[in-house]
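Scroll down for the structure; my scribbles are underneath it.
Letters A, B, C and D name the chains as they come in the text, with residue numbers starting at 1 for each one.
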C-alpha cells in the first residue's frame, strides 16, 4: 500500500490515562502499517513497542510528515505549535466528547488513521494570528490559532483602551478586555463574548470586546488581511496581559500597543472523509434541542 | 386510603397518540383508586372504561378537584385556563422531552399520581397576568400564565411604542414588539429575547423588548404588583397584535394602549415530592455541557 | 469646470417638508452648475425651477448619470432600487440624524455635491442579495441591499424551519424567523438580533436567527458567494412571509423553500472625500459613551 | 429655617480639580446655612473657610448627619462605605456626566442642597451584600453596594465552579467568573455581562455568569433574602479573586467557597424632589436614540 505519510509524531494529553492508552494502541497500529513513530517524552501510559522513538520537545518533529494528537481542543492547540513550526499536517483524536479541532472519535480512530495514511482524507488550511507587543518594558511576540486577547488580570476593575484597524481609529472601549480571533477561534472565547461563528473558509477576523461598558460596543468582522491594533492611553494607569490561545506572552501599559495580523504560517488540519463543520457545530452547540418553554400546542 | 383528590379532570394533546395512550392508562388507574374521572370530549385514543365521563369544554371541570394534563408545555398552557377558572390545581405529565411545566415523565406517571392522591406532593402558586386592550376599535382582555406580547404581525417593518410603569414614562422603543412576562414565562419567549430567568417564587415581572432598535434597550425586572402600559403614538400608522400565551386577543393602533397587571387569579401547580426548579433548568438548558472550544489542556 | 456627472436624478422622502426644501435648493444649485435635473413626480415642496424635469417612476432615471436621495436610510433603500436598475451611483443626503447610508449632512450638502461633480469623491461597491421563493402557491423573487428575512407574520407563535448553505444542512431552527444580511445590512435588522457588524469591504453574509428557541443558535458569517436556503418542513402547518429590505415579496409554506444568493448587481455608493465607516459607527452607536455605572474612582 | 441636617460630611474625587472646586463652593454655602462641615483630609482644591473641619478617615463622620459626595459613581461607592458605617444618608453630586448614583448636576447643586436641608427630598434605601470567603488560606469578608464578583485574575484561561442558592445546587459553570449583584449593581458590571436591569425597589439579586462557556448559562434573578454560594471543586487547580465593588477582598482555591447574602445594613440615598430612575436610565443608556440602520421610509 502506498502511504501518504510514513513518519508520524504522536502527542497527547498526558494527564489523561485514556489518552495514553490511545497513544499506545495507535503506536502499535502505525508500526504495523510500516510507519515510524515519534512519541513525546512526557508520555505516560502502557509500555510502548521498542521501535517507537521517545522524543523530547526538540526532537519530536524530527522527520515527521504527520502529527497526531490525542486529547481535547486544548491538546490540539498545544500540538498545533509543533505542527505549524514543522509545517506538518495535524490530525486530532478526541477523548471524551467531540471537539471542534479534535474531530475523530476513539471508536473510529484506527479506521480513520488508515484512511488518512491512504490519502483518503480532507486537508484544510487554518489561518494563524501573529501578535506583536510593543511595550516600554520590552517587546514580545506570539502566534495563535484561536485568538489574541488583551485582558486586565491584576484587578477586578475595568480598563480602557483604543482600537485601530489598518491605522484607522475604530473606538475607545471600556471593559474587561478585547479579543482578536480567527474563524477557528470564533467558536472559542469570542463565542462566549457575543461574537459570531465564522465558517473556517472565511478570510476574516473577529474583533470582540469582553464585557464592554457600552452596550452597543458589538463584535466587528473585518477582512482577514487587516491589521488590528490595541493601544493603551498615555496617561493611563491601566495595564493588561496579552494572551495567545490562553497563554500570557507579555504585558502592555500606558502608551504601549499590541499589533495583531494574520501570520504567514498556516495550520494544516487533516480530517477523515466526510468532515462536516456544521455537523460539529450542531453537536457542540446542542442545536435542534430547544431551550425554552414552548407555547405551541403539544 | 384517604385521598386528597377524588374527582379528576383529564386533558391532553389530542393530536399525539402517545398522549391518548397515557390518558387511557391514567383513567383506568384512577378508577381503580376509587376516583371519578372526566375526560375532554376531543379525546382520541384507546377505548376508555365505561365509567369515565366524557365531557365537553363546559363540563370538563364539573366537580373536579384536580386536573391532570398529558402533553408538553403548550398543553399545560391550554389546561391552565380550565384549572384557573375552576380554581383547581394542575399536574402535568410530559410526553417526549421534559417540560418546564409538565415535569412528570411517563415512566413515573402512575407512581407520581399515587403520591399526589395521597397528599405527598408539593403545591406551588404561579402568578398570572391580566391584559387589558383599550382600543378605538373596541376593548379586549385576556389572561396569561407566561406572557402578554405586543407584536407587529402585518409587516416586516419595525414599529414604535412607549412604555410606562405605574404611570411613569419608561422609554420609547423601536423594534419588533414587547413582552411582559411572569417568572413562569421568563423561560419562554422572553428568554429568546435576552431576558433573565426568574425563579418561580420571585414576585416580579420581566419587561423585554423584542429585537430592539437601540442596543442598550435591555430587559427590566419590576415588582410583581406593578402596572405596565404599552402605548402607540397618536400620529402613528403602526398597528400591532396583542397576544396572551401566544394567542391573539386583540389589536392596538394609533393612540391605543395595552395595560398589563398581575391577575388576582393564580395557577396552582402540583409536583411530585422532590420538585427542583434548578434541575429542570439544567435539563432544559443543557447546562454543564460546554458549547465552546476549550483552550484548557485536555 | 469638467463635470464627472451632468444628468442628475433627485428623489427624497416626500413626506418630510425639510427633504422637499433640500431638493429645491439642490435643484437650483445643480442647474447653476450646468447640470440637467430629473425630480420624482411625487415631489412635494417649494416650486422648482422651470427647467427641472418632473418625472414619474418610469422616466426618473432617463439619461441619469448620478442619483441623489434626500432623507434617511429608508429613503436610500428606496432610491437604491432605481440606482441599481439604471447602474447609476447614489449619493445620500440625510435629514435629521446621520444615517449609515445617507452620510452627507444638510449643512455640507452643496459643498459635497460640488466635490462629487468635480470627481473628488469616494466610490464604493455594495453587494446586493437575490432572493428566490419556490412555493407551491407560486414563485417570486426580489433584490435586497440590506437583508432577506423570513418571518411568521400571521400569529404570535414561533415556527420551525431548516437552513442549508451550499446544499449542506446547517440547522433546524425554532423561533420568530431568519435573516440573511449583507455587510450593509449587518447594521440594520441583523444587529438587533445579535448579529455582528461586518465592514463594508468584507465579502461575506450574515445568517442570523430571530429570537431563536435554542440559546446557542448564534449568527454565522459565511463567504459572500455562498447560497443560503431556508426550507419549511413537508408536514408543517407553519407559513411565513419573505421580505426584501422590509417589503414582503412572497410567502412560503409547508415544503416550500427560499434561496438567497449574492446578486450580480451592485450598488455604487458615492461619498464625499474622507468617508470613514468607523466614524459613522461611533456616531450611530453612541460609542465612547459608557452605559453602565462605573466602579472606577472618579 | 428648620434644617433636617446640621452636621455635614463632604468627600469627593480628590484627583478631579472640578470636584475640589465644588467642595469649596459647597462648604461655603453650607456654613452660610448654619451647618457645620467636615471635609476629608485628602482634599485638594481652593482654600476652605477656616471653620471647616479637616478630618481623616477616622473622624470624617464624627457627628455627621448627612454625607455629600462630589464625583462619579466610583466616588459614591467609596463614600457609601462611610455613610453605611455611620448610618448616615448620602447625597451625590456628579461631575461631568450624569451618574446612576450621583444624580445631582453641578448646576443645580446649591438649590438641591437647600431643598435637602429643608427636608424637601426623597429618601431611598438600597440593599447591600455581605460576602464571606471561607478559604483554606484564611477567611475574609466584605460588603458591597453593587456586586460581589469571583474572577480568575492570574491567567487568561477560564475556570470552573459550582453555584448553589439556599444550599440547593444550581449549576456548574465554566467561564471568566460570576457576579452576585444588587438592584443597584444591576446597572454596573452585571449589565455588561448580559444581566437585566432591576428597579431599585425590587427585593431581588442577580446571579450573572461572566463570559460563560455554555451559551444557555443565563442570568438568574432570585429573591433578595436568598443565600448564594460559589464553590470551587476539591480537585481543582483553579483559583480566583473575590471582589466587593471592584476591590479584591480575598481569594478562593480548590474546595473553598464564597457565601453571599443580603447585608443587614442599608445605604440611604438622598435625592432632590422629582427623582426618576427611568429618566436616569434613559440618559445613561442613550435610550430613544436608535442604533441601527432604519428600513422605514424616511
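The rule is simple: contacts are C-beta pairs under 8 Å (C-beta built on N, C-alpha and C of every residue); 3 or more make two chains touch, one makes a residue touch a chain.
Remember, it's a predicted structure, so these values are computed and weren't measured experimentally.
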Most remote chain, CA-based centroid, reference being chain B: A
Listed pair (A-C, C-D or A-D) duplicating the B-D contact set, over half by residue number: A-C
Chain copies touching (chain A, chain D) - same or different residues, decided at half shared: same
Pair sharing more residue contacts (C-beta pairs) when B-C is set against A-B: A-B
Computed distance of Cα centres, chain C from chain A, in Å: 37
Distance between the centres, which are taken as Cα means, of chain C and chain B, whole angstrom: 39
Between chain A and chain B, centroid-to-centroid distance (C-alpha), Å: 43
Multi-chain contact sites of chain C, meaning residues that touch two or more partners: 157-158, 189, 191-192, 213, 215-216, 218, 246, 285-286, 289, 291-292, 294-296
Footprint of chain C on chain D - complex, ascending: 13, 15-16, 71-75, 77-78, 97, 99-101, 146, 184-185, 187-189, 191-192, 215-216, 218, 245-246, 284-286, 289, 291-298
Contacting residues of chain D [partner chain B, same complex]: 157-158, 165, 168-172, 174, 191, 194-199, 201-202, 204, 206, 213-223, 276, 278, 281-282, 285-292, 294-296
Residues of chain A that touch chain D when the two form their complex: 149, 151, 153-158, 175-176, 189, 191-193, 210-213, 215-216, 241, 243, 246-248, 285, 291
